[in-house]
Amino acid sequence: MYNEKVVDHFSNPCNVGELTDADSIGESGSFKCGDTMKIFIKVEDGRIENIKFQTYGCGAAIASSSMLTEMVKGKTLDEAMHITNQNVADELGGLPPLKLHCSNLAADALHNAIADYRRRLEPDYTD
Amino acid sequence: MYNEKVVDHFSNPCNVGELTDADSIGESGSFKCGDTMKIFIKVEDGRIENIKFQTYGCGAAIASSSMLTEMVKGKTLDEAMHITNQNVADELGGLPPLKLHCSNLAADALHNAIADYRRRLEPDYTD
Amino acid sequence: MKNRLVYMDNGATTPVREEVLEAMLPFLQDQYGNPSSLHTQGREVRRAIDEAREKTACVLGADPAEIFFTSGGTESNNLALRGTARKQASAGHIITSGIEHHAVLEVCHDLENEGHRVTYLPVDRFGRIDPAAVEAAIAPDTFLISIMAANNEVGTLQPILEIGTLAREHGILFHTDAVQVVGQRPVNVNDLPIDYLSLSAHKFNGPKGVGALYKRKGVKITPLYRGGSQERKLRPGTENVPGIIGLGQALELAAAEIPYKMEYLTSLRDQLIEGLLKIEDVILNGHPQERLPGNINVSFKYIEGESILLSLDLQGIAASSGSACSSGSLEPSHVLSAIGLDQQTAHGSIRFSLGRYNNEADIEYVLEKITPIVEKLRQISPLHKTD
Amino acid sequence: MKNRLVYMDNGATTPVREEVLEAMLPFLQDQYGNPSSLHTQGREVRRAIDEAREKTACVLGADPAEIFFTSGGTESNNLALRGTARKQASAGHIITSGIEHHAVLEVCHDLENEGHRVTYLPVDRFGRIDPAAVEAAIAPDTFLISIMAANNEVGTLQPILEIGTLAREHGILFHTDAVQVVGQRPVNVNDLPIDYLSLSAHKFNGPKGVGALYKRKGVKITPLYRGGSQERKLRPGTENVPGIIGLGQALELAAAEIPYKMEYLTSLRDQLIEGLLKIEDVILNGHPQERLPGNINVSFKYIEGESILLSLDLQGIAASSGSACSSGSLEPSHVLSAIGLDQQTAHGSIRFSLGRYNNEADIEYVLEKITPIVEKLRQISPLHKTD
């Protein structure tokens, strides 16, 4: 069902946990399957200096969370905002069609975290 | 489907053919399956001295014909009239339920032959 | 004491090929997962089923999503016909022939009881349906034409290209029961205007109890029954995994040898026909050329089919009288009646159906044995005048 | 790299026993005749099918004429329910439960669309149906009650003796889906007022794609489809011969070991339950005692079923979340909802289902592996408060 890379990220997910000193926290969830995700970011000089996640969900959801956090670490907020759910799925080498909606969670939570950060800390920001 | 005795009578039927000097000929047939049987008898001193048959039909019909002719050879006409289709089937060691109607032909043809004989040669005979 | 065994009832069923059994075995042993299960054992089996579906699709020129596995030809026919009828907003008209398999005919009878009208087209004395008759039968509310690709008893091939083309011109769905043809002759749904096609594995050296329905994309049918989401809900229930694997493997192998097998069987067939027709009062049923490569159907006048079968059986020769399904019954076959045989001639008809394991020695053996059998039974028969 | 393979998904399907495969093999090799054929090859196979029917009947305490082979549990359920509904002169009322298998529930939905009324009885938090609720639901036009013998997800046994007795008292037909019970616990139609019962071979170490419907003599149903005269016309189509032989053999073997296996599996089951309940925030679903000998269903709070399954799979442990059929879907199982689990708890439920090849070492292995899996997933989960 899942390819090796997905299984690998699922088995050994990167950046699991909470950031006690997070600059922003974003959440997302799927009403349909109940999956929930929380992304914690630490921002420095407009870049994601540190990132952690917590995910309740299936293998795809966990693997996507791990993949996403790896992809955006060190990226500018702008760059991070451009990362789509599809990018995450692609980077994982593809997800089963039935599971695509799970990878949707990861980027959503990140975007929520960034938007919230900017709303609070970048006075001229508009969504 | 058929037991050994039936197969044996089918493979090596006794008394097949016509009797050119028959005293009587009886026929029977099944409208349903198209089977047809002809029995030729030669009577002497009220006994069936010789008997032959011709049968168009399935294995059971041929085996029953053969069996019947064996059973009645040498019997008195009265005795022969008492032989039922069931007797023939029993003597064969049984027939498949679906095939019982075929064994019905044999005794019927014989009874017709005897009745016809008596009608012609026994002045006080009534069916 | 039998001298040898000559199986000539391949129209009823065929032996499973060794390679097919080999392909099936792992799925009766280690690969036992339920294909609906998420774990490794389940996923492995799911993959194998997908492959079987791809093989099947590939042989038919179809898309894998157009293949639905069933429990056999009977179920495939029922699914296509009933499933289509149930999709109709109101009762309508169906065209079929009088010589279809019971699994089409009896469904049509049911559909008549449900309010649909059915035209049962006649056939000529060779068992052929006239495309012009199909066209003439089309009514404004005709929604389905179902004509078999080849008849199982007399082997006659039907003009399904012409009939399918007519159906398409009139916007009518076209189903063909190709149970006797798939694996014997090329069938490609790209070349043929077929909307659904039934096939059955045990007719091409696959296992019994598994078949498939090809259903062209976009054609909508209602499932016969409900439950899980197997076969995209068109045919729920835990899959007959070994059966499906066997079907895929058997079809792939059969398709590969079709050109060779057609020639080979046709030649054996014609030898047998020639030999049989040398016997007095024997007539060939079905079309002399337009027939299944392995089908020989003849009537032996004055004698009855079962007694011939039984005599052949005692010599180790397996054949059938009429179709396997109807030979338990006492009525003359509807197919033989439809081609105009009188009841007695119909009763004396025997089908020899050849398969990949038959050879010339078998033909010779049958011809050697059949002559005295016929002679002997005719001697017993009151219908036969010896003079 | 897997250490070992522990298959605990016997509720989804079971491995075919070696003796069963051995019994089937001849029918995939030399014994290839069509059972409807009159020749020796056909008659041999007919005899074997008759024997399988006798074995099946014998185990159930039924008459061979009351056994009809089908393509599995799904078809048996459909045949019983639809077949009975179609025999009704007019629309009527059916009683079933909310936790039936989809192969009963979805048929009931269809029958509702066809004009019948259906009562879906609720269950208590253990998944039990209350016979008093059955009685209360009976209407003057109730013609059928269908209640499963045991639930496939949570394993709860149903009071089918009581329910069947009620049905009989009211002159209502009683069907039970016994797919999960046959071969696991004694089922005898002489002791139970059952009118029809569904079973499926692959649940008791037989092959996939074959099942049977027991139908008490005199009970009339309409077939789902038509064709030849196989299974006394109730289920036409060339028989799945190897499957049927496998079913008969598997059932005979399973029945013989029931007393031993029940005790053995119950003991393993309770060990596993005990071990699992030692983990924090784990709840047992289904009834603590009145459950299938091999069924364990627990919810791991704060974490999601598929990720648990996947983690187990990576350790070589095969289990399932909910029923095999529904685990491809995203909605929480209707059974777990019916016993009152909230959506999240339902999503964290796992079924371990034991079979004859499991042993104590398997239980230990699972318990050893599951603890760190749960711990790790909870660490990842935002729902779990570590403090």
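We call the chains A, B, C and D, going by the order they appear; numbering starts again at 1 in every chain.
Criterion: contacts are C-beta pairs under 8 Å (C-beta built on N, C-alpha and C of every residue); 3 or more make two chains touch, one makes a residue touch a chain.
A quick note: this is a predicted structure, and the numbers were derived from the prediction, not measured.
Chemist: Which chains does chain B share as contact partners with chain C?
Modeler: The shared contacts of chain B and chain C amount to nothing, since no chain touches both.
Chemist: Taking the mean of the C-alpha atoms as each chain's centre, how many Å separate chain C from chain D?
Modeler: About 34 Å separates the centre of chain C from that of chain D.
Chemist: Averaging only over C-alpha atoms, locate the centres of chain A and chain D and give their separation in whole Å.
Modeler: Taking the average C-alpha coordinate of chain A and of chain D, the gap between them is 41 Å.
Chemist: Chain A to chain B: how many Å between their CA centres?
Modeler: Their C-alpha centroids are separated by 93 Å.
Chemist: I'd like the Å distance between the centres of chain B and chain D, where a centre is the mean of that chain's Cα atoms.
Modeler: 57
Chemist: Counting only residues that touch at least 2 other chains, which ones in chain C make the list?
Modeler: As it turns out, chain C has residues touching two or more other chains at 38, 306, 310, 328.
Chemist: Between the chains shown, work out who touches whom and classify the graph as line, ring, star, complete or other.
Modeler: Here the contact pattern is a line, an open path with two ends.
Chemist: Chain pairs in touch?
Modeler: So the chains that touch one another pair up as A-D, B-C, C-D.
Chemist: Under the touch definition given earlier, write down the residues of chain A that touch chain D in their complex.
Modeler: So the residues of chain A in touch with chain D come to 2, 7, 10-11, 13, 16-17, 27, 32-38, 53-59, 61-62, 98.
Chemist: Where on chain C is chain B touching in the complex?
Modeler: 302-304, 306-307, 310-311, 314, 328, 330, 332, 343-344, 347, 379-383
Chemist: Under the definition above, what is the set of chain D residues touching chain C in their complex?
Modeler: Chain D residues touching chain C: 7, 9, 12-16, 21, 24, 28-29, 32-34, 36-42, 71-75, 77-79, 82, 101-103, 106-107, 109-110, 200, 202, 207-210, 224-230, 236-243, 306, 309-310, 312-313, 317-321, 324-329.
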